[in-house]
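Read through the structures below before going on.
Two complexes come next, and they have one chain in common, subunit A, joined by subunit B in the first and subunit C in the second.
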Partner chain A sequence: MTERVASYPAGRVESRRRGSLSGWVDRHIAFLFSLPTGVLLLGLVAFPVALVLWTSLTDWYLYTPELRRFVGLVNYVTLWADPRWPSAVWHTLYFAGASVTLQLILGLGIALLFNRQLAGRTIYGSVLLLPTIAMPTAISLVWKVFFDNTYGLLNHALGSLGLGPVEWVSSPEWAIPSLVLVSVWQHTPFMTLLLLAGLQSLPTDPYEAARIDGASGWRAFRHITLPLLRAHIAVALILRSIFAVKEFDIILAITGGGPEFASETMNLNIYLNAFDYGYTAQAAARGVVFFALILAIQLVLVRLRSRQWSY
Partner chain B sequence: MVLLSQATPGGLRMRCFPSRGTVRALGRLFTHLVFLAVVGPFFFLFFYMVWNSVRPDFLFFEPGVWRFEPTLANYRAVFSQTEILANVKNGVVVSGFATLIGLASGILTAYAIVRYGLRRLALAILVTRMIPYITALIPFWMMYRWLGLLNTYSGLVLAHLVITIPFAVWILMGFFEDIPRELEEAALIDGASRVQTFWRVLVPLVRPGIIAASILCFVFSWSNFQLALVLGGIDVNTAPVAVYKFAAAEGGSRGQMMAAATLVTIPVFAMVLLVQKHMAAGLTVGGVK
Partner chain C sequence: MRGISWKKLLLAVVVSVSVAVPATTEPAAAFNWRQFAGESIYGLVFVAPYIDAWLRPLIPEFEKETGIKVRMEALIDTQVRQKQDIILSGKDPSLDFYMLQMDNRGLKLTAANHLENLEPYLKDATLTPPGYGYPDDWAGGCLNTERVLAGQPLNNLVFSAQAQVLHIRKDLFEKHKVKVPETLAELEEAAKRLTIDENGDGQPDIWGFISRAQGGLATASFASYLFNHGGSWIKRVDGRRVANINAKESVDAFEYYGRLIRQYAPKAALGNRLEDNVSLFAAGKVAMVSELNYFIFEFQNPAKSKVAGKVASILIPRGPGGSYPNLPTTSLAISPYSKKKKATWLFLAWMTQKDKMQYGQNNGAPMCRKSVWTDPSYKPPTPEWGESARLALEYGAAIAKPTGVAISQLRDAAGAVINVAIRDGGRAAIQAEADKQAKVMNDLIESTEKGLEIVDLFRPGAKRL
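For the complex of A and B:
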């Protein structure tokens, strides 16, 4: 993305006003124009990050703030002693891994299907956009109704196929798969849009060559489309992984992390520790670990981007 | 069928049945059916939501029944018994101001980045999107408690700038890149100052970008749940928090849930479809958050 910034060099033609205020403004325009955003982001991002790092090194318990002391890295060790944290890490990876994999498979399938000329294709595209832009908590309301064990549409549909009722969000083993289902529904269209953009940017020559050589269909997909699309797939995968790891809204609204913490992810665990239980310092340390995980995923993305487009 | 193919211009050639045109039409129809089947599940939820918001509650307990008995009782109950209208208003105020400030600040920065090649600044703005909200919310909450900003409009607007500024900058950068430098140089040679050039020449040219960026900023700020959940409060709760309360309550009225969900979802759809072609770019920026 950063390569977009490669721009035309500064000021070949200079403003003619010098000495006046507007001349001064003109000469410092790059600085002045970046100032509001710079100040806001320093205050809203840099300072909070420093504060959360410092807090994570204290023993701050919200309800006894006067006892706050510097304790070093203790929180980063003790957080692993809470059995809910390792399972929250596992739940996060399980949820993110399962939903992103399914989103990729489905998204690629739909993108291949949509990659053709058809009158009114934009209308289908618009409809496909809806889950991505709808308010997640509102979607969660509808899914909660779908998931109802007795009167929900899902069990009703299963029943009419002769399959037994599933205890969707009320059983520990089905809680995460249910959330994965919601996530797949919500984000597969995003995957489709990213991959469709990739498909439409592919050159046509290799396909013509392949047709002349008698290769088509599956073989063309396997040996031309997939290799050409690899960079797009990698980027889409990582973008979606970061989203999925951070997922909060639908999990809190649909399962609340339950039953019995069976669907509690890192994000939810930190939220509860910080704002329900008042373990401010513990939550800060967990928040930093969580940030580090996302940073690691992002680093992979940067690596991929730097050697992207090299084929 | 044969007649049809003959009637087409240049259709004097007699074709054996079925004609090539018919096959193509059937193929198109089939393709449309496949597209519909794919898109159907994604659309169904919204249909179900709207449809059940205007049906009486008891029909939820007969999931196989698709009888339609229109009623506005759910909407009436939602309006009279819940805070949703106040919360929608709060959401509009918070997202509106966050969009306005984010855009004003973002358009200047986007121009500076593109015109002066400030790659590092662009990257720094991108990095801010990587910090998960929950990690930032802990220090935000602490700061806000000291400053008395919890449960205030200004506090929530300030926090939402974290969403709107990067969006505005990255979307508008793309629009500034498309403007030829000659336009700017011509204005400068004619004696305009850089500020005048920016305001009178460039801003009008990127107006489509401003519209797209505003709508996207507004929508993403509007849907954001976590910031308002932690930093908001009884006075400034936004729409997602109001909707969440429906989800958290056990055994609430299903019809009212659907009515509330419809109220906060459908107006947004109308807005986004106006700027659909910029959506992909916007979502990718969101993806790097």
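For the complex of A and C:
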């Protein structure tokens, strides 16, 4: 007791001993400072999550909310009977996997290039960042014009190379690859920034030693750069995969999930069920499954990050 | 008996006249437009030509005359519907009036009781001005779309009728000596002959035809082709509504429409929104476009179009099943949760008076009042347009979508068949998809329409073209 009160002025010790308000505040100061954050988290995160979980266990139809009943896990079972849902899951994994992989490869390549002492690197870096800071909807509308089968820039370029036109966003086969192209264009700079920061933080001694030992550039990259960059790659993959799985605006603006639902992802499917069809409860159940998928992907990547690499 | 003296007779006449005259010449009490002065109302509408041609420019005059402040928010259709749904489902009193298409979401909203009954307001002489003219001055095709459930009270005021027509390039038809189509067979022939490679590079520079091809959104343009082939979205079997998209005549229609777009429209049509199709036509790249009739004002505007003065608008040509003009209409409704319903009704009644609708009509917004079409101040943009609009108003029906509570999913189901028809085109593939989607539609009808008595598209006694 004596140690605890040694740092307090005598008057303060007296008020604490008497159980006054200021004493109570002193004892609970940590809690009080965290209270606003807690209330905010409760109101903006915990409450909506709880409401979605509860809604997913009912049969709430938007147009007759007064008829809502508890139905248990029925929505979680019936959603797999809707042929569009498993397709949406596949489209989400396809889109996210392809776009993040390409962003990683291209991002790493550009980061390696920028890590050298190039003339005008600052200018290139600034220009490179432009796609990342542009508005997704504006980007989507411009790319939609590029994708036009008859008058678009891409098919015009293909034609000038002697190649035939591609039905970019108007064929089910090319819809997702077209969206991947837009995503790669938009988000590779972000990947580049993360990896460049990682490259610039690497120690130079291993490279010196490798050079003395006569290692080639490729061997140095494979056995020194990649292992040392592992943590940064994992962070970049975790961040980009979350955003890629949640991608919504470019898909809605460019293809709307079509043609023939060929580019409908989980996010878009949830949105249509909730706000177009009015199936609030089913949309909530799909949202919970969507969250579980994102969590599963992150757990895999976090494990990858913590895995021991030998080099 | 002594006769009455002429003086007494004259006095009697003077007294009678002086008593009678005030009773016949006393002016009627003027309608009180200012009875809710000081109120303010809020409405949600969708972006469409009639907003800028009619509603928005008249609001200041309404505010001045009534003292009621109007705040109106115009969004694109998908955003408006979502916002309306959330506000109405939450019974939010902030929304006073909103715009809707009865053939689109009317059934869903009526079944959910999200529309105020307007009949008491129409019958109340203190709220509806004398000589208002409803329903006598409203076109039959418009009135057909107002009720969706049997026994339903009037819960919306239809004001605009925008028929789906075929806009054609008269100059191309004349130059290449192609007959303006009167049948669907002639339409296909015209599309073929007007798909023209002008510079000989093997790629058409002018396409013969374009229309909506994007899934569920395509149903609005496809509808007349479906019904003109003798098909339909839904039919009655033993009083029950069942999908009819897999009937022979319907599949004929899907095959025809798919072939037209696949062979005579740019590949871009598959991903185009209607605005893209309209732009292509206005840019002179297409000989015929199947779209809403109010786009004529855009086509005739030299600032926005390269084909001004070269366009005629005709009804979708007759097919083996007849001629069924597609007449999607737009209505204004009052939210049942509003706290200012009477003031809101005054807004609706004021805006839909004859002179106000005449203003809209003359500014390019086709209106539902019959008298605005025959008023001397009105000049149709082209004679053919005027004739097609007149026929659609008189004989049209809201056939644009398969009506139902689950309207979005029903449209998507029909749209899936349109997609197969365009992309594949084979009869077997179209039939297989139509059978599959018919089952989807039947399941939706079964699960969402229990206990609802939905009225048919064509009312008993409705006139046929």
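As a working rule, the second predicted complex is superposed on the first by the 258 of 311 C-alpha atoms of A that agree within 3 Å, B and C clash if a C-alpha of one lies under 4 Å from a C-alpha of the other, contacts with A are read in each partner's own complex, and residues count from 1 in each chain.
We adopt the following convention: a residue touches a chain if its C-beta (ideal position, glycine included) is under 8 Å from a C-beta of that chain, and two chains touch if they have at least 3 such contacts.
Everything quoted here is computed from the prediction, not taken from an experiment.
Student: Is A:275 contacted by the first partner subunit B, the second partner subunit C, both or neither?
Tutor: both
Student: In this superposed model, does subunit C or subunit B come into contact with more residues of subunit A?
Tutor: B
Student: State whether A:258 touches subunit B only (first), subunit C only (second), both chains, or neither.
Tutor: second
Student: Contact-wise, after the overlay, does A:153 reach subunit B, subunit C, both or neither (first, second, both, neither)?
Tutor: First partner only.
Student: Mind working out whether A:63 is in touch with subunit B, subunit C, both or neither, as first, second, both or neither?
Tutor: second
Student: Output check: A:36 vs subunit B and subunit C. Expected answer is one of first, second, both, neither. What do you get?
Tutor: First partner only, subunit B.
Student: Pick one for A:51: touches subunit B only (first), subunit C only (second), both, or neither.
Tutor: first
Student: Would you please give the residues of subunit A that touch subunit B in one complex and also touch subunit C in the other complex?
Tutor: Dual-contact residues (subunit A): 144, 151-152, 256, 275.
Student: Residues of subunit C touching subunit A in their complex?
Tutor: My answer: residues 78, 81-82, 85-86, 89, 108-109, 111-112, 114, 214-215, 266-271, 406, 408-409, 416, 419-420, 423.
Student: If you look only at subunit A, which of its residues touch subunit C in the complex?
Tutor: 62-65, 144, 147-152, 165, 167, 169-171, 255-256, 258-260, 272, 275-278
Student: Can you check the complex and tell me which residues of subunit B touch subunit A?
Tutor: Interface residues on subunit B, with respect to subunit A: 28, 31-32, 34-35, 38-39, 41-43, 45-46, 48-49, 52, 60-61, 63-64, 104-106, 108-109, 111-119, 121-126, 128, 130-143, 158-159, 161-162, 165, 169-170, 173-174, 177, 181, 184-185, 188-189, 191-195, 198, 219, 222-223, 225-226, 230, 239-241, 243-244, 246-248, 254, 257-258, 260-261, 264-265, 268-269, 272-273, 276, 279-280, 283-284, 287-289.
Student: Note which residues of subunit A are touching subunit B in the complex, please.
Tutor: Touch residues, subunit A against subunit B: 1-2, 4-10, 12-17, 22-23, 25-26, 29-30, 32-34, 36-38, 40-41, 44-45, 47-49, 51-52, 55, 110, 113-114, 116, 118-122, 124-146, 151-153, 156, 160, 185, 188-190, 193-194, 197, 239-240, 242-243, 246, 248-249, 252-254, 256, 267, 270-271, 274-275, 280, 283-284, 287-288, 290-291, 294-295, 298.
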